[in-house]
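So, here's a batch of structures to check.
Both complexes below contain subunit A, partnered by subunit B and then by subunit C.
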Partner chain A sequence: MSTVAFITARGLFGRRRALLLLPLPILLVGLALLCRMYDVSPDMWGQAVIVALGLAVVLPVVALIVGTGVLGSEVDDGTIVHILTKPLARRDIILAKYAVAASVTTVVSAVPLFLTGVLAGSARLGGALAVAATVGAFAYSALFLLFSLVSRRPVLVGLVYILVWEGLLGNFVSGTKNLAIGQYVIAITDKIAPNGMMDTPVSLTTAIVMSAIFTVAGTVFAINRLGSFSLAGETS
Partner chain B sequence: MSEAGVIHDIGYQRYDGPRLGRFAMQQALYVHGLRAAYGLGRSAKAKIFPWLVFGIMLLVAVIVAAVRSTIGEVIFTYTQFADQMSFLIIFFVAIVAPQLVSRDLRSGTLPLYFSRPLRAADYVAAKFAALASAIWLLLGVPQFIMFLGAAFTTKTGFKGVWNEVLDLVPGWGYSLLWAVMFAGIGLLIASFTGKQAFAAGGIVAVFLMTAPIVGVLASLPSTTANSLAGLASPMTLIAGINQWISGDEGTGLDLGRFGPVYAIEAVCLIASCLLLLLARYRKVASL
Partner chain C sequence: MTAQTLPAETPAATLGVVDLVNVSRWYGNVVAVNDITMSLNPGVTGLLGPNGAGKTTVLHMMAGFLAPSRGMVTIDGKPTWRNPAVYRDLGLVTEREAVHGFLTARQFVTACARMQKLKDPEAAAQRALELVEMTGAAERRIETFSKGMRQRTRVAAALVHEPRVLLLDEPFNGMDPRQRMHMMELLHSLGDRGHTILFSSHILEEVEQVAGLVQVIVAGRLAASGDYRKIRRLMTNRPHVFAVRSSDDRRLAVALMAEKSVAGIEIEATGLTVRASDYGSFTRVLPRIALDQGIRLHQLVPSDESLESVFSYLLEG
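Right after this comes the complex of A and B.
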């Protein structure tokens, strides 16, 4: 199991691929620093940087790239066969890959969000963002890991989720917000460190329960899918 | 055919007919690219995502046209339609651009292409034209439907129809600007990786992360920075050009006296994307 995790991590970070994950967090912290240097009041830029960039773009996009990268790229390359033929329980494969995806996403998104929160307000806001981002990272990773098992084009399915479900529909039909991980992250942040820039119809209990459901159901369903995984031929 | 020294003549013949040359190759690549963008000539799975986006756009256009013809209220004008649908355009580029260039890198067809008299410039031009046309169709067809809805229910006869045409044509021009800009940036990002998944993620990340920068720059305490804020993101850049040319203030941007800067940056951005694409294809390793 640790070998699977090690190989997965190497697949994510090997050959300077880790550098691909850097621009988004750097941009986030850089923008916060820029505003801080110009002494702009956080009321003016907090919404744009923390919510519009940090929670709506950095967290889901990093989770998408990492979450589909751990398994989807192996399905794509066909190297998944090598893991599947080893005497390992499918459950262990998924759990190892999920652990890598969730922890990498957490580190890459929660650390810059913490820094941004500290720059924007207080250590309390930073801590709240870090906790919420961790919860979000676990839920998003489970979802995107599942996508890479149910579809041959997990990134596009994930993008539909991020852009259409959370982005477009969330603006017009507020009912979908109850089923959007982004809203849970906002709800948790707002509860730990109340601030004026976040606004969500989701309550804290819903947020915690639904995040847990997303995480557990995503992982269990992914294990189930990998249990009956069939290698299709070339994609169309 | 059977000369001395030939042991078996199995009937291979040399081609003596006319050779169509580079232009025909470019055209063939363009047609193939445009068809591939919408999944035509490919399996049903390849059609799902492009037609999903196209379907949503059509649906919105039909709703807009219906509302306008029954109530008479204009929800979106032709140019606002493109602005409002920007998420779907980004998604469409993320679907199609990797299809057009990353697949070629991945499956190693580029060395085959370039072993013909096809130049890198031809390849880039064909792919760029294909993607730009695909995006333009994605915007132009729904705009045309909105036009039809408005033209058939107009109450002022041919004058009303002509007024609609005068609105539609700038709308189509505006869509062309979107198409060219997004095609350039999307292709450039996609041409760096053979993995379609990474290319799609990269395109969306680049487009999405630029939008909040505009918000931050617009809140800085400097009117110059506020006026130049729109330059940071392709979406607001295009909206800024529209505002500069047409002078309507609906986009929420404050251009000040920097309108021409927007146009200059747009031209430079598209040109540099194309030049970088050319540089990218000067040397092609099969991944």
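Right after this comes the complex of A and C.
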């Protein structure tokens, strides 16, 4: 593991906000377990728990906490300087941080989604959710990493993206669905394990191509932004 | 030109020249740095200026963390902006004391050595920690450190690759006198060994003790540049503290004490040291008092070292 990745991972888990990663996955699996224990039919809870909570909230919010945690926090407290004053290609710094963000997000979201899918019906659904969440984790991570470099309030910008762009607008303006990572995740899940819970406005091809575009474009922009990282003086 | 006609080609190890050519930087419509041209060579240079003068802005431009709005900033001829390769030869200690507090000092400095791709990061870290006298606390997490210890750890991290150029923004802030003394000695010895060291300060005494060369910036402009003594001579022309000798020092002291423009008086065997709060009115009031009291003034010598007076003097001059 590169030194940048090591420091990034230590920083991510060393901060108290890492604890924020726990409640959502626990809630997700907990709800599914409860429904299962009381023999509620998955037809009744599947959509609400898996789609409305798991895919629309848990995955993007986990990605946001991690994605801004690997870079935004260091920018915020100024420790990023110690990494930037090294003769490292800015590309390698971003890639190291991206690798940490994407893999942590994958583990923290795909594992509970897999369990929830299994509880809701089949290992196939579980597997589909895990694969889709992995793709989503990679795309979201690139986006939120970029937000850490274009805004001083990346968490806020990320929440607006999740809640307003993907959440609200997605319901009214159909065009935004083509530009929402959440929709790609749903499309991929539904293609691997067709289920009655999801309506999929985007095709599988769109989902895969667009996820790749989000991932690559986010990373490339982030590399470029990091190259011009500025430290202004203190306003007095 | 052949090699023989050149004066023995400068070996790489003696480079480390930082050049600013007509550099300006503004934030919106605030001009923070105004057309500065300076050249730093091996040795210790002090960057002196009052709060808000533009010291941090200059240092950050040198360190490649800010694009100049105008002009060129280079180290050994290579631009520093958008050029991470310069960090092989450059160390920066920022004013803001952010560190990865969850690491121990040794982990932190070793990580910096690794990111510099040094051959033996552990040994380099050990050497750097020894230089700043932090080996005793090296296994403690940085978040448990005092301000001065953090500062020294950051210096160790900036030094671990033995950069030819080391930039430090207000490095003595928060250090106790002993730590300060040690840091000054360290900068001194690095300068003597041929490193180019630039440190900023708004305290004249700090600069006096470490740097032979001084760059004074006031309100974004280079107000004076050169040998410390030369600048000091300029400074003593525009003082706030005076050494006064008269026919009756005690009586003069009592009379002066009642004056608004006099902030303090010390009576010594050799005469009075008067601190004037207002330069103009004190110099007007003193002859009048002497006359009123029938005291003859033998000597009135400015002995001020307050930076404010240097700055206002240098600016007017």
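Remarks
Just so we're on the same page, the second predicted complex is superposed on the first by the 226 of 236 C-alpha atoms of A that agree within 3 Å, B and C clash if a C-alpha of one lies under 4 Å from a C-alpha of the other, contacts with A are read in each partner's own complex, and residues count from 1 in each chain.
Assume contacts are C-beta pairs under 8 Å (C-beta built on N, C-alpha and C of every residue); 3 or more make two chains touch, one makes a residue touch a chain.
Predicted, not measured: the structure shown is a model, and the values here were computed from it.
For the composite obtained by superposing both complexes on subunit A, the positions of subunit B and subunit C are free of clash and fit together. An angle of 80 degrees, to the nearest 10, separates subunit B from subunit C at the C-alpha centre of subunit A in the overlay. Between subunit B and subunit C, B touches the greater number of residues of subunit A. Shared-chain residue A:Leu27: touches subunit B; no touch with subunit C. Once chain A of one complex is fitted onto chain A of the other, the partner contacts of A:Val173 are absent, as it touches neither subunit B nor subunit C.
Applying the stated contact rule after C-alpha superposition, one finds that A:Gly69 touches subunit B and leaves subunit C untouched. Legend: residue contacts after superposition of the two complexes on their common chain; A:Met37 is shown touching neither subunit B nor subunit C. Contacts of A:Leu156 after superposition: subunit B is touched, whereas subunit C is not reached.
By the touch criterion defined above, A:Leu19 reaches neither subunit B nor subunit C. Contacts of A:Val57 after superposition: subunit B is touched, whereas subunit C is not reached.
Between subunit B and subunit C the least C-alpha distance in the superposed model amounts to 5 Å. The contact surfaces that subunit B and subunit C form on subunit A in the two complexes overlap at residues 235-236.
The part of subunit A that touches subunit C in the complex is made up of residues 3-4, 6-7, 10-11, 14, 77-79, 81-90, 227-236.
Contact residues of subunit B toward subunit A in the complex are 42-46, 49, 52, 56, 87-88, 90-91, 94-95, 195-198, 200-202, 204-205, 208-209, 211-213, 215-216, 219-221.
For subunit A in complex with subunit B, the touching residues are 20, 23-24, 27, 31, 34-35, 38, 40, 44-45, 47-49, 52-53, 56-58, 61, 64-65, 68-69, 72-73, 76, 152-156, 159-160, 162-164, 167-168, 235-236.
Only residues 27, 32, 51-52, 54, 56-57, 60, 63, 65-67, 82, 84-88, 90-92, 94-96, 98-100, 102-103, 108, 111-112, 114-117, 157-158 of subunit C touch subunit A when the two sit together in their complex.
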